[in-house]
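Naming follows writing order (A, B, C and D), and every chain is counted from residue 1.
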Amino acid sequence: MIYTVIKAIFIAFAVGIRNIFKKRMTLRYPEEKLEIDSGYTFDYKTDTGSPGFKGRHILYTDKCTGCSLCAIACENIADCIDMVRVEGNWPINERSIMPQIDYGRCVFCGFCVDACPFDCLFMTPEYELSVTDKRKLVHTPFQLAVFPEKKGTVKLVPGKRGAHHD
Amino acid sequence: MQVVDQGGDKMVLHVGPQHPGSGHFRIVITLDGDYIIDAKPDPGYVHRGAEKMAEYRTYIQNIPHLERPVIIDATGITLPYVLTAEKILDVEPPERAQYIRMIMAELNRIISHLYWLAIYGIFLGHSTMFMWPMGDRELFIDLAESIGGTRVTFSYVVPGGVRNDIPGGFKERALKTFQYFEKRIKEYEEIFFNNPLMQSRTVGIGILKKQNAVKLGITGPNLRASGINSDTRKDEPYCFYNKIRFDIPVYKEGDSYARCMVRLRELQQSMDIIRQVLDRMKPGPIKHVIRGVMRGEPGEAFVRTEAARGTMFYHIVSNGERFPYRVKISVPSFRNLIGMSHLLVGSRLADMPAIYWSLDYWPVEADK
Amino acid sequence: METFEDFLKRILSILFWLLLLSPVIIFPVFFLLIPLLGISVPTTNEFLTALIDPIKGIQLANKYGVGPSSTFFKIAAFPGFTFAALIATITILYERKLIAKVQLRVGPLYAGRFEGVLQPIADLFKLLGKEIVVPEKADKFFFWSAPILSIGLGAALLAVLPLSPNIYIARSDVSLLIPFAIIGFSPLIVLIAAWASSNKFAFIGGLRALHQLVAYEIPMLISVLGVVILSGSLDLISIVESQQQVWFIFPQLLGAIIFYITILSELERVPFDIPEAETELVSGWLTEYTGMHFGLLQLGVYIKFYALSLLFTLLFLGGWYGPAFLPPLAWLLIKLFFVITIVILPRAVMPRLRIDQLIRLGWVWLIVLSFINLFIAVIEVSLGVI
Amino acid sequence: MSKNTITETKLVKGLKTKFNKQITEEYVEPNRIKISTSPTNLKAVALAIKELGFDQIISQGATDYPDDNLFRVEYHAICVSIKKFRRIMFAIMTTIPKNKPEIETLLDIWPSVEFHEQETFENFGITFLNHPRMERLLLPEDWDDIPPLRKDFSLPGRD
């Protein structure tokens, strides 16, 4: 009885000490960033999406018709999409209105992407959206049209010497 | 347990809602010396009225909204909703979608149980057991993220199927992760579950007898720890759980340690289920396409599934409109809450966290 | 509205002008006023050179009786309080890094170029910058006195602990008993802190600490009696000197284990951190303490940590004895850090015990075992093993 | 009657013979039974169902029908201890008038219904007679509006 108790205590210590020599699991965030392959896209014809990260949206301004379906899809979820007037001449967008997204409210569910029948609103792997001013969270259509640059290089890999970012 | 009032001074302690040992809720504990003679749980601090809000949203719009109460078990709470909505909308999801739903549900069960394990570790003062499961949980979150697109709130299961297929190379990644995690489970056992100090804190503490568990309506792993072999996945199989071979871990003791061990075994069992599902899955369509606005037939449906914390129940009444007429959610945490005051009374103050978190009570879920 | 950058600029400009103007103020005082008044203070030259030249500084200090060989220096700097505080600070950092390694984390990383070595200093500045909140219903006098008493108790422990045959503050024939006499006060300080906070959680924590510390001091004292019997002396230096051939941990293994467990309990470390059990008692008797109050209480605990680890080294690990290629002090520090490591390690692998289990362990098991250990020591002496 | 519903039909038949015309069979589907009864008979029916083996309440809720001026109160019972009944969910429905929202509690039959009845009380204003803790559970203590899940309670910014 006492022997098993002492043995179990020693095993616990041994496991603890063994883990000192394993690889660290920590992601050193600002220096290292996670690699995310692609954003979430949706094919309206087959009604299925592609697996991908639901980050900041990307808006193809040349394809947008201003139909407001994304705003309607969002209205009871997060109410974060507003259709705003944009400058310029848009041949297929008669009223020249395009979605403007308030990331202070967005929950990144991606149902606006599912709702878009013109393949013009998708999502990107961009996840670093924090700003120092609340008003800057509202992204205008032109801000949404910019492709994010690829950032991360590391991934969490389970290995023989413990899971680590590689 | 029978408590004898021995006179003397009582101390009333408000544990929570701002207390490291409580969630977003409060337990009012009356102490006589070191013994708890009365414990009154006081939920409601994070009540948002999810049932009322669901009456103002379409069947699709309800999905991101209804997974908020249990974001760490997002599929666990949306899957029964979607199954209920499918009964009302009268759609049948394709076979592959059913399998993917099972993968997501089991991944989410692992994620939720690892979170529980981490908190249980720190509740017993074992800080390593806080860090390890939290770190290993990242692996499973990464797996779920590669399917669902986000890290916690996936909004992934929709009426008619799932939103997207699983990515290529998922099977290899998942198997590699499981292989790694099975080794880690052994280490968890060695450092925590077989640790005599941890056993001295949990064995024989907070015993929930079989008849009491049935009487009080305890559900999920807590019920199975009291010796009742009841699991909705077996009792009333949804998706394709009837095609998968798995055994439900059942422990007879009904104490905190048994509740821990049930969850530890479920981690292993969920991985086995995902392995079998990945073997059985065949290529095919993943969604039954519904065009236009979803309008259910007038009528009602009720469905239960096994979420991480127990049986999740939805009752939806439809009157043919875009919005459901009434959504009743019965969550496992809410039903397990009744066991808390039952178990706490008569135990020591130091056993309060050991009992409280062994029930895996999630205040946000119970408050809805 | 003033932004943070503006604020920094303002502070920096004030500092700049202060630095620029201060020679103008200080130099006239030193060069003109002091000779005029004819006061016997260090000459301006001496003082100013001492400021930048450490050798001159030591000479100056010697002249006024506070040099390295003086009692004041021994108490305040080495081997007294400053040295102990330094070791305590290193211990804090070492503990955080070691625990982090077991938990597959990296621990402090950013303060200081290498592995966060400056983290304790950053923590000190953080604690200094925090507001000291005194609860309205607290007993103000005792609330303030607890941190000071705590650090005073830690410092008093150092009085008779030798670091090598000639580095010590004071030597006494019964120097082993003095630390135990002083440690007896620590439950009192915990109770003062807990009671003065007028907080229920703090009060329960204080009572638990009281139970715990009382339950552990008796086995602690009895377990070292074996060492006393073996060495035949109560003087710490003689005890260490009698370990020249064999360290007492070998004949006194049981006593060493009991002393180790009681150290864990005395320092309220896992698995005996019951008074600070955060899940039920928020932070136990420390709940209401903030800022530098908290820092002083913690520093007191860590100085006690250093003192008790040093005591373990002296009593069981042969103190400063070791192969001659390293100086005695180095051997002592190596052994000391070994002891600190094994005291830290349970925090990574053990959960917390319950107060009734701990009291049973103390009063039932450890007291009996420490008496058995005493008999073992007596038998060993009578058989002439040592 | 399909093969899947033999057990379910038998259960309902047994209840019907026992209570004659006091219960109505709403529907019997595989794994689902729904019966309705009057509030006065509710307790007796519930006791009979419990004696059949349905030992837990999985959910208890109400639905507001302002047009008919009534509440539907529903109890969903499940069985965890008898293996052949575990797949069945048994729903008992009763209707009570909106102007006198009172009903006898089933707490002494199913102790698991305690918090559910409290929740229904605060969400619909239905008083469960003889319930020991008919008080607020989730809503704030100073809630002074009408019960929120009634249809005439409107959300600000909606309708």
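Here, a residue touches a chain if its C-beta (ideal position, glycine included) is under 8 Å from a C-beta of that chain, and two chains touch if they have at least 3 such contacts.
Since the structure is predicted, the reported quantities are computational estimates derived from the model, not experimental observations.
Undergrad: A-C versus B-D: which has more C-beta pairs touching?
TA: Between the chain pairs B-D and A-C, B-D carries more contacts.
Undergrad: Which chain's centre, taken as the mean of its Cα atoms, is farthest from the centre of subunit D?
TA: With centres defined by C-alpha atoms, farthest from subunit D sits C.
Undergrad: Could you grab the centroid distance between subunit A and subunit D? Build each centroid from C-alpha atoms only and quote it in angstrom.
TA: 43
Undergrad: Provide the C-alpha centroid distance between subunit B and subunit D, rounded to the nearest whole angstrom.
TA: 24
Undergrad: Would you kindly tell me how far, in whole Å, the mean C-alpha position of subunit D lies from that of subunit C?
TA: Spacing between the chain centres: roughly 65 Å.
Undergrad: Could you tell me the distance, in whole angstrom, between the mean C-alpha positions of subunit A and subunit C?
TA: Centres of subunit A and subunit C (C-alpha means) sit 49 Å apart.
Undergrad: Which parts of subunit B, given as residue numbers and ranges, touch two or more other chains?
TA: Where subunit B meets two or more other chains at a single residue, that happens at 56, 128, 135, 191-192, 195, 197.
Undergrad: Going by the contact rule already set, what residues in subunit C reach two or more other chains?
TA: As it turns out, subunit C has residues touching two or more other chains at 102-105, 348-350.
Undergrad: Of all the residues in subunit D, which ones touch at least 2 other chains?
TA: Answer for subunit D, listing residues that touch two or more other chains: there are none.
Undergrad: Per the touch rule above, enumerate the chain pairs that touch, sorted by label.
TA: Contacting pairs: A-B, A-C, B-C, B-D.
Undergrad: Inside the complex, what are the residues of subunit A that reach subunit B?
TA: Interface residues on the subunit A side: 4-5, 8-9, 11-12, 14-16, 19, 25, 40, 47-54, 73, 76-78, 107-111, 114, 123, 155-156, 158-159, 163.
Undergrad: Residue numbers of subunit B touching subunit C in their complex, please.
TA: Listed in rising order, the residues of subunit B that touch subunit C are 11, 13, 15, 19-21, 34, 121-132, 135, 191-192, 195, 197-198, 200-201, 348-353.
Undergrad: In the complex, go through subunit C and note every residue touching subunit A.
TA: Residue list for subunit C touching subunit A: 98, 101-106, 109, 345, 348-350.
Undergrad: Can you name the residues of subunit D that touch subunit B in the complex?
TA: So the residues of subunit D touching subunit B come out as 31-32, 55-59, 61, 63-64, 74, 76, 78, 80-81, 86-87, 89, 91, 110-116, 119, 123, 136-140, 148-149, 153, 155, 158.
Undergrad: How about subunit B: which of its residues touch subunit D in the complex?
TA: 43-44, 47, 49, 51-53, 56, 214-217, 219, 223, 228, 230, 234-236, 302, 304, 311, 313, 315, 317, 325-326, 328, 330, 334-335, 337-338, 367-368
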